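Note that chain A is present in both complexes that follow, paired respectively with chain B and with chain C.
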Partner chain A sequence: MKRLNLGAFAAISICAGAAAHAAQTDITVAMQLEPPHLDPTSAAAGAIDSVLYSNVFEGLTRFDADGAVIPGLAKDWEISENGLTYTFHLQEGVTFHDGTEFEASDVKFSLDRARAEDSTNAQKALFESMDTVEVVDPLTVRVTLSQPTGALLFNLAWGDAVMVAPESIDDIKSRPIGTGAFKFVNWVQGDRIEMERNSAYWGDAPALETATFRFISDPTAAFASVMAEDVDAFVGFPAPENLPQFEADPRFQVIVGSTEGETILAMNNKQPPFDNPLVRKAVAHAIDRQAIIDGAMFGLGTPIGTHFAPHNPNYVDLIDLSNFDPEKSRQLLAEAGLADGFTTTLKLPPPSYARRGGEIIAAQLREVGIQTEITNLEWAQWLEEVFRGKNFGLSIVSHTEPMDIGIYARPDYYFQYGKPDFVTIMETLNAETDPDARSALLKDAQRMIAEDHVNGYLFQLAFPTIANAKIDGLWENQPTQATDLTGVRWTE
Partner chain B sequence: MLTYLLKRLTSLVISLLVASLVIFLVVEVAPGDPASFMLGLNAQPDTVAALRTELGLDVPRYARYFAWLSGMISGDFGMSYTYRTPVAQMIADRFWVSMPLSLMALALSTLIAFPAGLFAAARRGSAGDMGVMGTTQLGVAIPNFWFAMMLVLVFAINLRWFSAGGFPGWDDPLLALKALTLPAIALALPQAAILTRVMRSALLDILGEDFMRTARAKGLSARQAIWRHGLRNALIPVLTIIGLQFSFLLAGAIIIEQVFFLPGLGRLVFQAITQRDLIVVESVVMLLVFAVIVVNFAVDLTYAAVDPRLRART
Partner chain C sequence: MTLWYSRNLLLGATLSLFFVALALISFVWTPFDVESLNIGAKLKPPGASYWLGTDHFGRDVFSMIMVGARTSIAVALVAVGIGMGVGVPLGLTAAARKGGWLDEVIMRGNDLIFAFPSLVIAILITAIAGPGAINAIIAIGIFNIPVFARLTRGAALSLWEREFILAARVCGKSRTRISVEHILPNVTNLLIVQGTIQFSLGILAEAGLSYVGLGAQPPTPSWGRMLAEAQTMVSFAPHLALVPGLAIVLTVLGLNLMGDGLRDALDPRIRVTRT
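Moving on to the complex of A and B:
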């Protein structure tokens, strides 16, 4: 241990010789939720990607800070005329953290594992159209599809599609071995995960030498940990009411980015009276989005009018289709034969957007004559009752997966839309590879669900980060759940 | 004495068995499936089914109960559904935070309560007594999580003497103790207040007894009488409270562990309940029940040690 410290010291003094000040090279980043385990390819928990995406694990393609899909472990690729064959050329000289080489056979292993019969990949649908994955030579992989898939490169950038190796797969849940710029070192469950710079990294070496992720779930404790400077950054800070205090403090910087989380007032489209489009429209017009954003989120969040992220270039502003208009809402209810209103259930999962937002929405709906019985549920109960059991009238939830408008094509999805016309749009979209045509289809899809008022569209969830003012390079937005530390550095 | 011990041991084993059954049933009946929780909103039904098989959740309940019970007897608590590490290991890791924390808090509360209780009882009705009683009233009334937040505010945020929370591990015992100091104080003070009041009233009861008057008549001063004869006799109610408090501290530190983000047993249970990591919930609750029952058993034994009449009776 002593010797190691001396080595680190020497390295620092050499750096100090080059620059006037030796910048700090370690960082402690806090977040609210701890990953349940460390295999991003077999759980939906965003916390796994928040720690490991791009730091420890990499995929063939990846998201950059703006959400664009860029080459990752595949340096380039060719797509056949008919859009059915993708030939990926891999980066050279890539090794896993255990020293084994990253080769085409690892790509085949990773993709075959994710789409296998007994796969436990939470996003198995991403790989649905893959027919075969073949090793052409150690640095070339050919993926053949059963139908053209316009979103394939996007799909491969997800944390659920990262590259893993057969040599290390058995222990991946507690000892993740990837190809990334940081190596996993240690996990003290319940407290922290430590990683260090991967000296054999194939890409640009990161500025940080070590990184520690800590997990602090209580909002008050989160506030204290930042104020006491126990942590250098808190990503996804859970107490928006405290942000002004940090903004006023020169020690800190406050970054408010956006996420892929469309927060919706979900309506059970198959349960009366929500099977009547007039009633859904009435609910949509009864909602004052800004009041919810101000009241429940302390002003953080961007209003949305459809199930699409406003920062996406293909977003269409459709808020006017469901603007706040209680008078119109009452008229619509009368038209639907419910002039006296009705009573329904409002089932709320634990996050504060749902619990606080639920109270406000209940008050707004009461104004137009809709009474709600609020039930607070834990996530596991919510999944059982609302998501699987479809036993609900209304619910509030944020859909955090990127580009997930496709869920509206699933008739058995919990809000039960699945209109055939919409399914057709999605099928055409999946097969379409031309960017302009894709963009047009995406806009049609957004319009259709907004016009049908499938759900009440509330706001895009914001992502507040509080960091030491001297830290540079943290992601502002969350195009996917990630805390990419490869470009993070201390400025002095 | 031996029959006393045997009787107590039999009731201990029966209590544990009943507790295991109740815990298992209550936890299993709670709605929510660990596999669906793990896989989230986009998972396909066949993926959930595959994970249920992988976790062994498709085995009938009674079989899982017996597997769990027989495993526990041999010290094997099974595998956590979410963390996928042995539950026994996880519990052991967390135990080394929760146990020292409880012991520290207990020691602290006893160290405060004994002298304070003695002082108040010896000066019954004086200004000092009123002062102690007033302070304990306050101590009982203040919720410990609020007190914990105040400690953080003063000592971590303003004075920067301590960090706001977290636990560095036992590699450096001094750092570890330092990390447990604020949480232990937050846990201990309300307990100390209760214990002081019990100590005082127990002593006051004893002071009115004939044997105390006899002791004074023999020529002992009030202080000597309390010290030699009062204290020992006042110990039974005090021990009962300490026993209860220890169980409470071990199991009830959940909120304090949240405030100081300590990786202790309370937080483990809290997390496991959210994630429907049933086997972890069952095992930790079982362990806590075990601890409570064993502590009560130990308290019963100390009664017998302190009070010879109890030994004679059985």
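Moving on to the complex of A and C:
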């Protein structure tokens, strides 16, 4: 096997030699987490989208690099006066990777599958207001809503709303068939996923011919793989302390983008003493955000005062509601009848923002008399114990979905807020299509959770990408979890 | 000859005692508080105010080494205690009932534990029971049991053939009494030597478990976790990896030298040949 590989490698080298001076057309992109399977429409794991979004799978609409919603497989659409009927006109000449044609019936199939009663889609709320999906003709689809949904086009751009081929569903978790510019070729579990250019792609052909995604979870190994140029780019580089070294090295470019990841100190709102708003407020005032950003992230990250991305135009700066004030924190604890402090659990998932941030927060809380018992958990354990089991006092996690403030309306969501007033705001927002009214509602929502101190709001996660200096076209920011390679090229 | 083994013993004991002293002093005094962070003073190289520099949270590395020594020594000591406390009586019993069913049960049980690679099973135990110093102690302790049980049984078996034991039996002493009054005192030297070696292995095992995140949990400093955290910073703050690494090496080296030295000093056969 080894010899075979070497032979193949030699063949490639010879070919490359023949095509001297032509720009490279293959790329190896590394990331930390490997997808559990390859169906973005049936799992919450962001790693699936990080590999497949836009490369293999496309939706009716899509996010571009700036987070704007632009046409995808639907080239345009009409919205009825009352906002209840959307008529989508599909791109012509689109085929799935298995050769079958992409038509209106596939749209109906994909949307009906995602919103079905027994659907395992992780974001079923995206499709909640859809009443019917009808095929008008092979290139036209009509979606009728039960109530106006201002965010419908935004919702359809999510990785959870991509178009899938009906024939491919049985094997989709291991053999994804989409309409994208790259075809899935091979998945070596625990190591890499390979793709090649889709020659029948309906849109602009990508510059790359082949792409390999590699999964390297250990930060030390990640550092070594980039330094040795084993990988051409590392998206979401896990060790921020190493960035200055890459910046100083002319072989690399360091791109630090923003993400939709609100990093929070989650508090279990149903577990005493965190069911007392005074205690939550005390915790919020005990936290020094800048120390966490400097200590855990080596300066990367923007402080936030609520569960909203600061680069969003509707963001309200509410940091003053929970400024660092240990004296006030102690007073609040005394008011809550906990002048002597208390002991709670702090359960931390693997990323360094959580592990390092947790140690810093534990030290800051100790200053005001709150003792924490730190437990480090692997992701599977964290999902089991904290996210599903709700067996925690405090935890740290980054919520990376775009515009996910709606999770606060879910009373059974792991931090268990779900205040009726907040639910009302979200329901009004979902039915509202006027941009100004939507903006006002979003601001009210941010204010309510910040004033209630549902969670400790720490910082917006930064997204460092280290790439070979000759690579152009990688996304800087992460408006959704994606590694869109369609516009990536080597400059020489 | 005498000089050589006493030099071993002296060097080993000095190194070991140095770290034990650090651990003991840390109960009453450390240069800085290891639990309070000072992000502003992070990653300082060794110097006048921070003797061995500071880590990525601005904690004083020397203070962490002192408190980390406490963690390492406590875990290893209790683990060896478990091994001796359970293993020695088992070994004595097995030897006293040589060939009987009790002997079989004890020794096959020991074989069973011995058959597993110790560190891997220690990882399994802490992964199932949850990470923490207590579970690390139990995991390391369990694997010390067969070491002491076998050693005790082997030494005790040959003692059982000796005349003074025969004399004791003739006097009508019970097997249990003979084991406690005559066998145990005669295997103590062996146990001390083996205990020292196991102690050093215990320190290594604790460092290994903390390195993979299964030992003492933060904020309690531990040498293994200091090493693990230093990994991505080796290129710009090498002292963060070198200092705990050296602490582990020197402690283990010291204990091994001391074990060798003790064996030479305590083993009557060697003593006879050398005089």
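Annotations for the structure displayed:
Convention: the second predicted complex is superposed on the first by the 471 of 492 C-alpha atoms of A that agree within 3 Å, B and C clash if a C-alpha of one lies under 4 Å from a C-alpha of the other, contacts with A are read in each partner's own complex, and residues count from 1 in each chain.
Quick note on the criterion: contacts are C-beta pairs under 8 Å (C-beta built on N, C-alpha and C of every residue); 3 or more make two chains touch, one makes a residue touch a chain.
Since the model is a prediction, treat every value here as computed from it, not as a measurement.
Because the two structures share chain A, they can be overlaid on it, and in that overlay chain B and chain C fit beside each other without clashing. If you count the residues of chain A touched by chain B and by chain C, you find the higher number for B.
By the touch criterion stated above, A:A291 is placed in contact with chain C alone, chain B being left untouched.
When the two structures are aligned on the shared chain, A:F102 is found in touch with neither chain B nor chain C. In the superposition on chain A, A:R388 contacts chain B only, with no contact to chain C. When the two structures are aligned on the shared chain, A:F422 is found in touch with neither chain B nor chain C. Once chain A of one complex is fitted onto chain A of the other, the partner contacts of A:Y53 are absent, as it touches neither chain B nor chain C. By the touch criterion stated above, A:T220 is placed in contact with chain B and with chain C alike. When the two complexes are overlaid on their common chain A, residue A:A125 makes contact with chain B while staying clear of chain C.
In the superposition on chain A, contact of A:I374 is made with chain C only, not with chain B. Applying the stated contact rule after C-alpha superposition, one finds that A:F234 touches neither chain B nor chain C.
After superposing the two complexes on chain A, the shortest C-alpha to C-alpha distance between chain B and chain C comes to 7 Å. Counting contacts as defined above, chain A residues 220 meet chain B in one complex and chain C in the other. Residues of chain A that touch chain C in their complex: 219-220, 223, 239, 241-242, 244-245, 291, 294-295, 356, 358-360, 362-363, 366-367, 373-376. Residues 34, 36-37, 42-45, 117-125, 173-174, 188-192, 214-218, 220-221, 224-225, 227-228, 230, 378-381, 383-385, 387-388, 399, 401, 404, 407 of chain A are the ones touching chain B in the complex.
Residues 30-34, 36-44, 47, 50-51, 53-54, 82-85, 90, 93-94, 149, 152-153, 156-157, 160, 163-167, 169, 258-264, 267-268, 271, 273-277 of chain B are the ones that touch chain A when the two sit in their complex.
The part of chain C that touches chain A in the complex is made up of residues 35-37, 39, 42, 56-58, 130-131, 213, 217-219, 231-233, 235-236.
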